[in-house]
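There are structures below to look over.
Heads up, the next two complexes both have chain A, just with different partners, chain B and then chain C.
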Partner chain A sequence: MASALETLMELRDDPYSRARAWKERTGGSVVGFFCCYAPEELLHAAGALPVRVTGENRTVSKAGAHLQSYCCSLARTALDMALTGDLDFLDGTVFVHTCDTMQRLSDIWRLNAGYPFHVDFALPVRFEGKLAAEYTRAELGLVRSKLAHALGQFDDDAIRESIRVYNRNRALLTELYDLRRADPGIMPCDQAVWVVASAALMDKAEHNEILEEILSDLRGASGRSDRIRLFGVGSVMDQWEFLGMLEDLGGTFADDDFCTGHRYFEGDVSEEGDPLDALTGRLMERGQCACKHTPDRERSARIVQRARACGARGAIFFQFKFCEPHGFDYPAIKKALDEAGFATLELEMEQGSVSIEQLRTRVEALLETIRG
Partner chain B sequence: MPVAGVDIGSLTAKAVVLQGREVLSTSLTQTGHNSRVAGRRALDMALDRMGLDEGSLGFIVATGYGRTAADFAGERITEITCHARGANRTHPEARTVIDLGGQDSKAIAIDERGKVLDFVMNDKCSAGTGRFLEVMASALEVELDDLGSLSLESTSPASISSVCTVFAESEVVSRVAEGAPKVDIIAGIHQAIASRIYAMAARIPTNEALIITGGVARNIGVVRALEQKFDTRIVVPEMPQHMGALGAAIIAGEHHE
Partner chain C sequence: MADEKIKSPKIQATEQMKQLITEYYIDAKTTKLPEGSHKPICWITSGGPVEFLIAADVIPIYPENHGAMCGAARIAPGLAEVAEKMGFSRDLCSYARADIGGALTESGAIPGGLPKPDFLLCCNNICGTVVKWYEELARIFDVPMFLFDTPFIHVEKPEHATEYVRQQCLELVKFLEERTGSGFSLERFAEVAMLSVEAVDLWKGVLATAESRPSPFTCFDAFIHMAPIVTLRGTQKVVDYYKLLKKEMEDRVAQGVGAVHDEKYRLIWDNIPIWYEMRNLGNLFAENRACLVADTYTTAWAVDIRIEDPLTSMADAYTKVYLNISIDIMLEQLVELMERYEADGLVMHSNRSCKPYSLGQYDLSRAVAERTGKPSLIIEADMTDSRVYSEAQTRERVEAFIESL
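After this line comes the complex of A and B, so read on.
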């Protein structure tokens, strides 16, 4: 029988196979979302299976008619998947108000993708202060009522139960990252990042069970410790071949700030009191992405602190081509990392046209620089 | 005991045989379709010149984009590290290396020992590369090696806005049709390249001690345009194309010790 980890790794070749099987088995609704700010707990409480869509490595055929070529490949390939019917298991989609492209993609998606329901979750740009919290709380209430209308009513207890399932998932993923920070050799980074990404592609309770098994194997394990530890910065990380190459060249991400990595699971939701207040609390307190602004909690300082904490000697930035928010954040973060003595490397890429060999030279040069 | 560095680039393969700090022999050959064969040929050519054979070498380091194919090498090091080390050997004062090769361009910030501090690389677009200049020379029906000196005759460089090889070629054809003098068009091409390289280098800390390596360094017009853009004198080493191979040979020497 395949191990828990093998079961998860198989999913990498066909990321939506579990969602399809879940739908067939339960007859429930599958709801797509794009961003780690999406209110997954509410979807879960409504009895739906939230599934994250992050585009894929493909050549765009139908999306080109709706999105300009200067939109990022996440938006272009995801829309293409919808328009070519590859996401036909979806019953609806939840969009979150983040970057300009995602806001406009929401409209294009609503008009062209043709799924039964469509919800926008508007968030404040500046995630600080009482006003932002009140606004976020009100929006969560609105999303809740829209979901209830589309999927059926659900009460506070259902949300509290979903919060518990999701908190458990976050705690297990946090433990995985803690174990890897102490000894990254116990699991290659391409697997670790996939373990996180897969959490958004299947039933959470099932993912929790798989994680328990994986962690019971990893606790007390020891791995190769001679790899150069690096810190990854970016949004979606789905370039598995690249991560495999990084490991082959003797480097590894000991921790990251990817939105399909650490940002996905950081921060707990209180299991006490009003569940929407609790969800608001996490959204306000968690480490924010480049689309959001937290004047009192600089993203660059947090990244430097976390890079230090995992023993990284360098950092790699993954810039999606045409991604403005992360492009705007890059100079400040690079400067902070440079000043703190980290070697840095910026890699620009887009899904569908990643040339591993061209990236190899840059990564090797970074590792040579660190080795001295 | 002599050591060797072999730099297998996208257009040419180079070898340098080194004994201590003395360059015993060098070679240069077209890469063609087989990186391994080209690297081997470059190495044999350099050895032949000294009447040496591979057995007399203490260590071989391969670099360049074809380095992974160099099964005859004891180690493979990126051309970024090697250009830095080569430039540091011939010009210890250099702190920024601009490497303009056959199909990519790089800017490398180095310290006083030739250690890489930061680098930026463009291999998605051929602007500023040898291949770009080959296409332009052919469009203008001039010899590649004459581009540099011809551009220095220009008094009013033409405006070439695009640095994409394909679009720049059609822009050049338009300028020709308009009757612009060849020398002005060539000077315009060099300015467009310099702007592009300058913008790329701005992403890393650069300072005035600039050195240019790679085949394009042989084009004096590009060097002058870069000097204008960076507002500083740029050092052109004696053998700019061999700096990567030299750096590889230096690292080979360290292994041998």
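After this line comes the complex of A and C, so read on.
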């Protein structure tokens, strides 16, 4: 029988196969979402399976009629997946307000993709202070009522139960990252990042079981320790070939700030009190995305601190071409990392047109610089 | 000469407008008060609630307006290169790149560049880009930034969104009191809001004169004459100026004077102007007897404020602006604009620098055709970065489009 890790790795070749199977097996609703700020616990409490869509490596055929070529590949390829029927297992989609592109993609998706329901979660941009928290709490209430309308009623206890399942998942992923920070050799980074990404592609309880098994193998294991530790900065990381190459060249991400990586599972939700207050609390407190404004918490300080903590000697910025929020943050974060003594490399890419050979040369140069 | 015939008549009020804007920048650059201090300067986004600044006697400075000036003066690419050398990608908003370059080199369309800010007021009702841009300005100048956060409206605006913005008005008042060291007068604010409403009404009146055939002005004129409503609404000077401009336009209508000689086609413009190409484009359409009678851009400053409850109505108005609503709500406004101005077609500037304005245009152009039967032309360009623009290609496409009408 395949090991738990092997089972997960197989999913990487067909990321939505488990969602399709789940739908067939349970007859339940599958709901797509894009962003790690999506209120997954509410979807879970409503009995739906939340599934994350982050685009894929493909040449678009139908999305070009809706989105200009200067729109990022995440939006273009995701829309293409919807318009060509590749996401026909979805019963609805939840969009979260993050960047300008996602807000327009939400409009275009709602008007063209044709799924039975569509919910917008208009998160604030200012993530500081009482006003933003109150507004977020009210907005979550509205999302909850829209989901109840689309998927059926669910009570506070159901949300609390979902919070417990999700907290367990976050605790297990946190342990995985803790183990890797101590010894990144126990699991290559392409697998570690996929383990996190896969959490948003299948039933959470099942993912928890798989994680328990993976972790029981990893606890006490020791890996090769000669890899150069790097810190990954970016949003979505889905370039497995690139990560494999990084490992082959003798480097690894010992930790990251990807929204499909560490940012996905960072921060717990309180299991006490009003569940929407609790969900609001995590949204406000966790490390924020470049799309959010946190006056007193500069992203660069957090990234430098975390790069240090994982023993990294360098950092790689993995930037999507045309991504404004991360593009604007890059110079300040790079400067902070430079000043803290980290070697940095910025890689810009578009899904579907990644040239591994070009990236290889640049990664080699970075590793050479670090080796000295 | 044949060329003389197609030349648009000159708008007399332009001189007053230039003087108004020049005085405004001179005042802002020389605001030293006797005791050695100066009037506080606040950089603000184009969609920001400037009425609060005017009421607090703070000088508002608009990097976007300056960006447009740099674009028109064709110096934006050079300034953008400064930012690009720092690591800002060429794919980022060209206003932001030029402004960051100008801030760092103390240069731009105004000698010595824009006067430095004491604080920043960023309102994200026009885009999320301004949040990132102002964060960088806050780092460069090491000054505080107030983010006036206006939730995006997808289908409907919930009550809690208005309340969130209204509460921020109160926070902004507190922020201004701390920065200026003096109390905020609600009476003064009501006066300013009233002047703002008056100016906005006059501006709407100016825009409405273009409903006449022939239209007394084109959107290229509106792009220039919108400067006061963007920068100085809430002051008496602006009210006076728009009275003058409105009178001139009404006179033109009465005398049958058209901006385009022998106007035949009436078109609507969508998106921010291509600032470095305004003159050429204006001539190109005029040569083909096409008048761009209205646009979705200059109407963005035509918001309603109710004097009975200025804070709530301002919260509402500033949240509902054109770029902060979903494309199906935009479509209703666009169709209304097409019908009101009896337009024959729509010209859309697909602007690399502005995703909230540009993404969705393909869907909008199809929907407009369905609803009104009118065709669209999509021009690929950038509002200030001329490096990505092809004049020859645009000319060809504009001529083919007008021919198809």
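Note that in this section the second predicted complex is superposed on the first by the 372 of 372 C-alpha atoms of A that agree within 3 Å, B and C clash if a C-alpha of one lies under 4 Å from a C-alpha of the other, contacts with A are read in each partner's own complex, and residues count from 1 in each chain.
One rule holds for everything that comes next: a residue touches a chain if its C-beta (ideal position, glycine included) is under 8 Å from a C-beta of that chain, and two chains touch if they have at least 3 such contacts.
Values in this document were obtained by computation on a predicted structure and should not be read as measured data.
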Most chain A residues touched (candidates chain B, chain C): C
Partner chain(s) touched by A:124 [first = chain B, second = chain C, both, neither]: second
Chain B versus chain C as contact partner of A:135, first or second or both or neither: second
Contacts of A:362 with chain B and chain C, given as first, second, both or neither: first
Partner chain in contact with A:372 - chain B first, chain C second, else both or neither: first
Which superposed partner A:344 touches (first chain B, second chain C, both, neither): first
Touching both chain B and chain C, residues of chain A: 346, 348
In the complex, chain A residues that touch chain C: 65-68, 70-71, 75, 95, 97-101, 103-108, 110-112, 120, 122, 124-126, 131-132, 134-135, 138-139, 142, 290-291, 293, 295, 319, 321-322, 324-325, 327-332, 334, 346, 348
In the complex, chain A residues that touch chain B: 338, 343-344, 346, 348, 357-358, 361-362, 364-365, 368-369, 372
In the complex, chain B residues that touch chain A: 65, 77-81, 115-121, 123-124, 203
Touch list for chain C against partner chain A, complex: 86-89, 91-93, 96, 124, 127-129, 131-133, 135-136, 139, 145, 147, 149, 151-155, 158, 160-161, 163-164, 167-168, 171, 326-328, 350, 352, 355-356, 358-363, 380
